[in-house]
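What follows is a group of structures, each given as structure tokens.
Both of the next two complexes hold subunit A, though its partner changes from subunit B to subunit C.
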Partner chain A sequence: MKQFAKLAIATAVGVVMGTAAIADGLYAPNLAYRTGPFAATGIPLMNGQRDYIAMLNARDGGVGGIAIDFDECETGYSTAKGVECYEKTRGSAIVTQPWSTGITLQVLPKTNVDQIPILAPGYGFSPMADGRTFQWAFNAPSGYWDAADMIVQYLEGQGDLSGKEIAFLHLDHPYGKEPIPVFEAMAEAKGFDFNPIPVGLTEMQNQSAQWLQIRRTRPDYVVMWGWGAMNAGAITEAVKTRFPMENFVGVWWSGHDADLALVGDAGKGYKSISFSFPDMDAPVMADIRKHVVDTGLSLSNETEMQGVFYARGIVISMILVEGIKTAQDHFGTAEIDATQLRWGLENLNVTEERLAELGMSGMVPPFSTSCSNHTGHSGGWMLEWDGAAFAKVSDHLMPNVDGYAALAAEKAAEYAEANAPWPINEACEG
Partner chain B sequence: MLHKIFIDPFVEMYMLPDFLLQVLWEGLVSGILYALIALGFVLIFRSSRIFNFAQGIMVVFSALTLVGLHAMGLPAWVSVGATLVVMYILAMTIERVVLRPLVGQPDIILFMATIGVTLFLIGLGEIIFGGENKVMITSELGIPTGAFELFPWGGFLILEQKDVTAVVVAGLLVAGLIAFLNYTRMGRAIRALGDDHQAALSVGISLQTIWVLVWFIAGIIALVTGIAWGARAGVSFALEVIAYKALPVLMLGGLESITGAIIGGLMIGMLEKLFEIYWGQPLLGGNTETWFAFMLALIVLLFRPQGLFGEKIIERV
Partner chain C sequence: MLYRTAGQYKTSYEADQALFPVRQDAILLMVVLALAYVIFPLTASEFTFQTLLIPILIYSLAAMGLNILTGYAGQLSLGTAAFMGVGAYACYKMITLMPWMNPVIAILLSGVFSAGVGVAFGIPSLRIKGFYLAIATLAAQFFLIWLFEKWAWLYNYNASGAIQVPNLDILGVYVTGPLASSVTQYYVVLVIVTLLTLLCINLTRGTLGRTWKATRDMDIAAELIGINLMKSKLTAFAVSSYIVGVAGALFVFQWRGAAEPNLFEIGLSFEVLFIAIIGGLGSILGNYLGAILIVGLPVVLNIVGEIELHDVSLAVWVIIALVLGGLFAAAVSLRSKGTMIGVAVVTLLLVGYAFAQSRGFELHSAMIEHLNIMIVGSLIVFFLIIEPHGLARLWALIREKLIIWPFPH
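Right, the complex of A and B next:
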């Protein structure tokens, strides 16, 4: 009886607290990972996201007068736990931020039923750009295929790629495999050899076999789609095998300052394509410092705040907030729901002027979304490690979206067919 | 296809002997480190019949403690000493709080308890040290960070000095451990407990003392492993994943054999590298290291269920 009474009290407290959480504002859960093998890269991103929202809540009382209830559900980058988090939060969430391509692919089929938008900035399934097919999924400001295209563009700028070899070192995971179709298409069109080299989860910190293969085949370039401990493992092996760092390029998730700090000067010349860039002098950073860091609300530290990933976390939360604001302005209400947020995310218009108003000029290129374009294709910059930090070494690169539009349409159609009946937004024209 | 399986790899080995040496060296280094992790498992299993699931997280926890203490201002070698004290306290705590109340329980209960210890250490480690990747204090410990560049047969061979150090230190550790187990009173007590619990207890060997001791030794091995792996690619919770590579080593070498752990580790380290480079990458698209060791262990188990060096247990009924 005593046990039963305790259980009843605990349930009642839980229900009351849960209700309180819902009533706190717009519920925007984040499927975060601060633990496990990918924590090292997850933490600065999650801190940037969290601090931007905390700053808005402290400075402006949230967005449009309503606070954002930003809650983290820990996944450890596990797809199974991510789905569990989705099920746990979907009752009152206005958005799902899955934070893994694996979780995104699992949740994607549920979106048409649950009608909660997925926001996966810079990750997820690249054909999600097709808003006609993926009405509830957004990966603005840029997708993986954009990244692949920009990397190849940049390498072409160094010299003709015809007859050259690009080794593709990637995590053996849905995320790592995501750009392979577009790389293969470009290899065929441009006449270079494309050689995928997978890295298993248990080999992330022991990539000697992969780098022996690189030593044997001597590719002209190594392109990396790494994450978590894989990045540091690859960079240290590249240094060890004397691979020329200037010919080693990573996607934006493989450009983490802490991974390069492990090798310091030996990593000079390593590059990473990026849709974001840190600027410690940006007004938004001053506001975060004033309202979050100085008040003890931040989980971050000075070194981390200077890095690329923390700034990217800020950019990612900015995209969510701009979606909320756009929806609030359009529907004339602060308390928007998931359907209204979907409209907001589909009508983003983040211009240079808007970025200046937000105090984020130069931290992300301008972009806009539409009913048929859920990515925005902002483009980005090539960053290079100078021994102590990343610096921009290119002008604003733009992906040649037309080059893989047909492939994207084909993959989107394949997806819809495989998950039939799949609703298509026929009203969407562009 | 048969040509690619039976001829090409050997031709390549013959034509590029320096590359073959590099593959074998990398396999040796990995194998030594697998063997060290497996040794931690074996020691605890021999003395207590507990399969210690926490061995992997002990590697992470000890390495994080070392780096964390150094970051707090302690000199490198003082940090090593302090980390050993922490590992001893951890061993005592596990024995007192987790194992002692479970004496006499079925093995599976004790195994589950070590999963509990794993989860506790993950949480504790993340609270104290955070989940970020840390730089191992390699040069502060006096471990050389350069490389020997050799040119055998006109080719090129790179031996990282920290890998050479890891191999030497691991060799000394294993030799010391074998000497300890064979020539000291405590070592013989550990072996006696492994051979027959009841008989060992009847001659006055203290179960509690031995358990603390073996968990502490497993902690020392974890620290050495953590330093060696951490020097290669930093210290993070991803190191825990490497402990899974010790499982096929144990299957291959036998759960109770120190020799089996060492030879099993070396075999798996070198064979998986050879297979990956000469057969896996050209024929199967690579990444065979994730399953090769398990396949090898399964094949061995078909013929020797107790592993290559495990004891064949005959139970009379």
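Right, the complex of A and C next:
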């Protein structure tokens, strides 16, 4: 029993000395994945998110005078762990950031009951844009269907698509299957051949069969919806089979600097659509450097901070913080709750001026959300790998949302019906 | 003292062959049942239901199904996850095709489909055994996952390829889907698991169980004394797959709420197999102990890792100290070296961690996850070294020692 007495003393001393940092403020957990097969792509994003909030806490003391208690719960990208984290954090959390389409699908039906907003920037279920049906889910500033549309627009800009073939290399998982209906509809309308090639979760790192097929059919373009180890696998395989890189386009989660750094110059010309862009000279980066990196609070490193994913992490935290700020201004209180944050995320208006104020001009297109539009559909840029870094090679592309509005409405209605009774927010207009 | 069996006379064959011939066993079981049926539902938080109680019960059931096949009938199987998938998809199809169906009945019926599939994949067991059979069941694992992915009818042509559990009610109370409360889901799982456990205990004690054990121990000898091997093996596959299928339906309908095909990947098969092996092959109790270790422990460790130990009140520390001290004293008097070492290591880790925390040390969530994997892994090795026959055998040894305590041999 002696050691317990000692322990008790140590405890008392610890408390008196005030080393116990009892975090308070707005509890905004992040269901992070720094372990498992997807960790390589997860870590830079998580670091970006974490550093932006740490910077605000250090520079401004949080948002609206209250600190943000940003906490990570490790999921390893596993759905079971994700649900565990969701259950653990939802008691006091004002937001859920699920970070995987699988976890999003699991927690989405519960949000109406638990009343916690889901923030899934650039991922999750595309019909979540329909705010009337998905009152608690937000995937601003862009969804997967927007990405699919912008990629096709860009490819059309390279020449007429009719009669051409687009191979769609995707992870055989809800995430990878997500844009297929939109691609199929566009293939019919524009007369190109659409050929989906699935990559199973177990064959992510060995895609020789898929690339053999690509070499045989010689598609004009390969569009990739990959994640984690699949991206590096596909890019090295493309280099090996000498597929022309300029005809290889990925979604925003397939544009990770480290994957392309593996092949370096051989990857020149590879493209990825993106709703965010890294700008090392942006004022926000200087602030992060000053308040987070120099004080040793950051888990990141120089190479990682120059990458697309780190900057995207910053953008994602910015969306959350802007939601908190909007809610604080509207409700006149710093300590907002989950319901109030929902209102905030629904009434985001991040204009060009606001981005300049935040020191993030050019890092994300300006966007706004509304009661019926939870995505914003603000478009993005086509980025190209120049052998050392990604560079913008297009103007600001805007998705043609009307093209799949009917499909989104149909899928949202289907979802509501399958999960009946499902409340619809009839108060929204338009 | 606690477990004295002296004076408990059996005066009839019924009494001698009762499920629990020793009175203390029956009392212990009553305590466990009272905990499960009354105390837990009254006290558990939403988090405890969703991450500990419900999953532990469901994994135990799946392991029990596998244990019938592997532990009792001696047929090694690596296709458990796929059979769970068959149960889950069968349940989903039944409920979407016939929305008027009672969800509990649908869950119980879904086992019938997996039993059918299980028997079909069990046919090779008539010719091959051991590792060769494991490979044959592995084929089931890969084939069925492929089928779940490619046969769009199974998931109602959903674009994402995942199945979503609808809200279903019995007499106005939601039993499945996001609207169902955790307590309701827990009770549904608990009742089904209790009933199937009772069924399994009795089956393994009866004629069928004896033929299975004879087949396991030496099939040629079994055949010589007149056991029909085909019947014995195929019934084992049928009963096992039925239970595994029901576990799969519960897994998706009462716990996960949604599922994609890769949920039933081989990793899940191995997890269930580990539960059965660590719990103890050829035992019913072992499945529960194994599930607590493999499913429950990581969750508990995660919570412990994140607690600010110096914020814990003194009363809790006293309780922890008493429990650890009591366990250590018991281990000393039972001369169980393994338990002694175990308790000492746990105490050291706890004290060390608390001390480090009081010095301002903080564990990052990802680091906790890494440590968690290491601790659970080493515990598995530890338990297998001190008792290769599993946790159930460990408990049996402790029980035997308790019966003669305080006079060891």
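Definition applied: the second predicted complex is superposed on the first by the 406 of 430 C-alpha atoms of A that agree within 3 Å, B and C clash if a C-alpha of one lies under 4 Å from a C-alpha of the other, contacts with A are read in each partner's own complex, and residues count from 1 in each chain.
The criterion applied here is as follows: a residue touches a chain if its C-beta (ideal position, glycine included) is under 8 Å from a C-beta of that chain, and two chains touch if they have at least 3 such contacts.
Keep in mind that this is a model prediction, so the values were computed, not measured.
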Subunit B versus subunit C as contact partner of A:A420, first or second or both or neither: second
Contacts of A:L297 with subunit B and subunit C, given as first, second, both or neither: neither
Subunit B versus subunit C as contact partner of A:A185, first or second or both or neither: neither
Touched partner set for A:C371, first subunit B, second subunit C, both or neither: neither
Which superposed partner A:K240 touches (first subunit B, second subunit C, both, neither): first
First (subunit B), second (subunit C), both or neither touched by A:P196: first
Which of subunit B and subunit C A:D172 touches, first, second, both or neither: both
First (subunit B), second (subunit C), both or neither touched by A:P37: first
Overlapping contact positions on subunit A, where the subunit C interface meets the subunit B interface: 34-35, 172, 200-202
Subunit A-touching residues of subunit B, taken from the complex the two chains share: 19, 22-23, 26, 29-30, 122, 126, 130-133, 135, 147, 158, 160, 229, 232-234, 236-242, 244-245, 272-273, 276-277, 280-281, 285-287, 289-290
Subunit B-facing residues of subunit A, complex: 34-40, 42-44, 172, 196-206, 208-210, 212-213, 215-216, 228-229, 232-233, 236-237, 240-242, 258-259, 261-262, 304
Parts of subunit A lying in touch with subunit C, wherever the complex brings them together: 1, 3-4, 7-8, 10-11, 13-15, 19-20, 22, 32, 34-35, 71-74, 76, 79-80, 83-84, 87-88, 91, 101-102, 105-106, 109-110, 112-113, 125, 172-174, 177-178, 180-181, 200-202, 411, 415, 418-421
Footprint of subunit A on subunit C - complex, ascending: 46-47, 50-51, 55, 149, 159-162, 164, 166-167, 177-179, 256-258, 260, 262-263, 265, 299, 302-303, 308-312, 314, 317-318, 321, 325, 347, 351, 354-355, 357-360, 364-366, 368-370
